[in-house]
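Below, chain A partners chain B and then partners chain C, in two separate complexes.
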Partner chain A sequence: MSQTHIDQRDPEKSTISISLDVGLYPIEVLYGAAYIFIDRCFVLLDREGGEGKGAGRFVVRLRGKSPLTTVQLDDLAGEFANELLSQALRRKIVKQNQKIIEEITTQAISGAAGGSLPTDFLDTADDGLDFLDDPLGIAVPWEDKFKKKKEGADA
Partner chain B sequence: MSQHVTNGPTALDAQSLPPLSPAEHDRLLPHGNTLQLQGLIDPGKVKADFAVPFNHRAFGDKVLISNDLGDHAWLSPLELQALAYGDVASGTALYDRLASSNFIAATVDIKAQAERWRKKKQYLFYGPSLHAFVLTHRCNHGCQYCHSSIVGMERTDTDMSVEVAERSVDLAFQTTSPGVSIEFQGGEPMANWEVLQHVVEYARQKNALAGKSLSFSLVTNLSLMDEEKLDYLLDRKVQLCTSLDGPAELHNKIRIWKGGNSHEHVIKWMRRINQRYADMGLDPNSYRIEALPTITRQALPHWKAIVDQYLDVGCRAIFLRKLDPFGFAAKSAKTLGYSMDEFLEFYAHAVDYIIELNRQGIQVMERHAAIMLSKILADLEPNYLDLRTPGGACIGQLGYAPDGSIYSSDEGRFVAAMGDDMFKIGTVEDTYHQLVTNGATRAAVMAGLNDGQPDCVSCVYKPWCGQQVEYNYKTQGSLHGRMRDSTWCKKHKSIFDYLMHKVLNANAEDLAMFQRWTINRKLEHFLQDRGTL
Partner chain C sequence: MSDALSTADQAGNVVRLHRTLYMQQAIRDAAETFADFASFAIARDGEYYAVTIADIDADADGDVVAEFCNFALYNTASRKRSKKA
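And then the complex of A and B:
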């Protein structure tokens, strides 16, 4: 199976399912792309197949809020794939240019605020830029969490 | 009507032009291309520390390069190769040319360039200077493309109250910007005339202490103008701006006014206001009522008639404004809308005509072109909020609604008018400090930075371009959007391409014309006296 694939399209239900290799995109990118579509579609994210981290496939089911033809469904899937790529690339660019983005944002806000930023501004800004990190493990698939716990318990 | 009509359709009964073939389109709108580096640049030979980081774009046998400082140079492919390989000998003409435009790392005067960058980016050191006051949602026109949430003239409940107005002025004066520009908008802002006057008087009073560079502008359809009101506006140095969509048939078709002939009324008052400026001894080359057309599908074939109409009424600058994706314009896109290619063809036709007029000695310019050329040719930063990075949302402008809501910008409140408060950053009950430091402001700033945007980071137009987060959100669903298939990017990149092609092929006279367009005439008259009443 290709890395990103249309699994199913059902014009009667205005639904299309896409699956993608778990290792292809970080889950935050998947969330970011999915969110963009919630005004047009009902979005269901799932995961199937494979064992452990990096195995299996993410499944994205998009159901149009209004009736969609086969062509429109294919366009929707294509647009979703484009959004995934765009989010992934932007994530990389933001990481690369993090320092300059932080500097300019801080200067712009402090310039507007008259130099007196809230005491937690820089920390908050860091949090904003590191939104792709997941210190609480919220984005960790439950299978992985469960597996780790189970392994820990076994040990 | 002026006599300089030389080409193009002459009658408004031409409702459409035949579509251009791809070759005709390319001739009208020459575009740059991604440079094919394969075979030209061997990655193993690149001397990374010789040149400062630069982006590039191919124009036939020339390559345009630019750096983050805003310099540019035209090179042949082999010269580009030499720059990449660090194989440009000191003392050669190429070396001097590249050094003088800050492309050779060893020759860059860091201190001087930092100062230059700081000067151009001074908007990073100040808060919002543009404060758009929506005085009312009432309007007596029913313009098919209106992006505001307008209501009938009887709905005085949608007027901004004196209390909200005063609180809005208080907030505006807390900006760290040395300039405060209050722009009255609506609806039709003159419908709330008492509050308009109150804002002017109250702000002038505050400025007696604040000593800011204070100015007022009024965006009006002129339908409620009379001599008494004009006396007041001129006396208080309120700059005037109106909408004029072109000749009568075109204007009245879209800008529907039950109270009369909108076009006739606008033209009458534009002439009257210009005459009053002249009577006041103001230079008629600089002091005229400003006007803006909104380009609809119906306008596309009439680029020449629109330019001629503007000249006829005394304008020397025209801002060819594309229909935006907000409000009624979004709802009526099927009847008024068009593709970006269609707009760009319209734009190129019109600017070609404007250039031709200049060659005949008639001085007129298009504002997009003037803003872009000011950045490229004159190293200026006109602080046009839509073409800077980060964009102007929250830190360059604020929008004040009648109910006391405060938005990231005028466009932010257009989104709100469509039922989405995404860009509401607070209310007049908040402190200024809260407004400019909150999470929404920070998100808008970060998303509006070219440095975090795929495509923008590698675009040759990066130092001169920018994004509008509200447009990204409305058209592509997120603050960041996707520039690769964004109509915003397509519009600006295409206009940059068109202009750079003109610059590349310009003779001395044309180049002088483009330089002339970059002269920013400061309209000192419209600044309120500092520290006095």
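And then the complex of A and C:
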């Protein structure tokens, strides 16, 4: 016997028992799948056989919170097996993309905190100038400048 | 209960939770959550924690023992997750 296996089903008590090799999925995957099912049924995890690490089988006992038929129980077991696979895949993807996820999260947080703004924009010190002040004489019309020079030249 | 969750002993309401799968503190927290509905005694029994559940409130809505098991599992999973994070 290997992989996921239905050990026992009891429609009268709306229960089904599934077992799987300990080495098939990491324990976090088992917890993840069990967590998904907690709102729909009563879940009890057990372990039997095998003394060493990775030996033996995990046993998952599920009982519906409402009465279930044999077909529904089999569906429940199938859904649980699917969820195990889904959790395992999610875990693998997260592991593979861990660095990218961390990088994006860091950028998002630093962006939200204003860390990427140039420091010049953050300087709120008042330089004492009004927007109408013109210390460099930029706003003086060309004609005025020219007239003054011309008058000076005539004199 | 709860012979659904068949490690529970119907007569004495003793639930046996495997020590590699359930954390003791998580079981204690679950017992605290359900303290208003029953009394709980947790003891080590080989590879298991044996939780004796007595004085179950007859007026309690639902299956106290099975709900307790769900809470113990949820607490264990979330504790292990936060430990890892």
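To be clear about the criterion, the second predicted complex is superposed on the first by the 108 of 155 C-alpha atoms of A that agree within 3 Å, B and C clash if a C-alpha of one lies under 4 Å from a C-alpha of the other, contacts with A are read in each partner's own complex, and residues count from 1 in each chain.
We adopt the following convention: a contact is a pair of C-beta atoms (placed from the backbone, for glycine too) under 8 Å apart; a residue touches a chain by one contact, two chains touch by 3 or more.
Because the structure is a prediction, the values reported are computed rather than measured.
A.B. asks: Output check: A:N82 vs chain B and chain C. Expected answer is one of first, second, both, neither. What do you get?
C.D. replies: A:N82: touches chain B, not chain C.
A.B. asks: Comparing chain C with chain B, which touches more residues belonging to chain A?
C.D. replies: Touching more of chain A: B.
A.B. asks: Contacts for A:H5 in the overlay, against chain B (first) and chain C (second): which applies, first, second, both or neither?
C.D. replies: neither
A.B. asks: For A:I93 in the superposed arrangement: first (chain B), second (chain C), both or neither?
C.D. replies: first
A.B. asks: Just to be sure I read the superposition right, which of the two partners does A:F42 touch: chain B = first, chain C = second, or both, or neither?
C.D. replies: Only chain C is touched by A:F42; chain B is not.
A.B. asks: Check the residue A:G111 against both partner chains and state whether it touches chain B (first), chain C (second), both, or neither.
C.D. replies: After superposing on A, A:G111 lies in contact with chain B but is clear of chain C.
A.B. asks: Which partner does A:K13 contact after superposing on A: first (chain B), second (chain C), both, neither?
C.D. replies: In the superposition, A:K13 touches chain C alone.
A.B. asks: Across the two complexes, find the residues of chain A that touch chain B and also touch chain C.
C.D. replies: 32, 35
A.B. asks: For a test of understanding, state which residues of chain A touch chain C in their complex under the given definition.
C.D. replies: That would be residues 10, 13-15, 17, 27-28, 31-32, 34-35, 38, 42-47, 58, 61, 63 of chain A.
A.B. asks: Could you please specify the touching residues of chain B with respect to chain A in the complex?
C.D. replies: Residue list for chain B touching chain A: 123-128, 175-176, 390, 394-395, 433, 436-437, 439, 441-443, 445-446, 449, 451-454, 457, 476-478, 480, 482, 484-485.
A.B. asks: Spell out the part of chain A that touches chain B in their complex, as residue ranges.
C.D. replies: It is residues 32, 35-37, 39, 82-83, 86, 89-90, 93-94, 97, 100-101, 104-105, 107-109, 111-114, 116-118, 121, 124-125, 128-129 of chain A that touch chain B.
A.B. asks: Using the touch rule from the top, collect the residues of chain C that touch chain A in their complex.
C.D. replies: Its residues touching chain A are 2-8, 17-18, 20-22, 47, 63, 66-67, 69-70, 73-74, 76-77, 80-81, 84.
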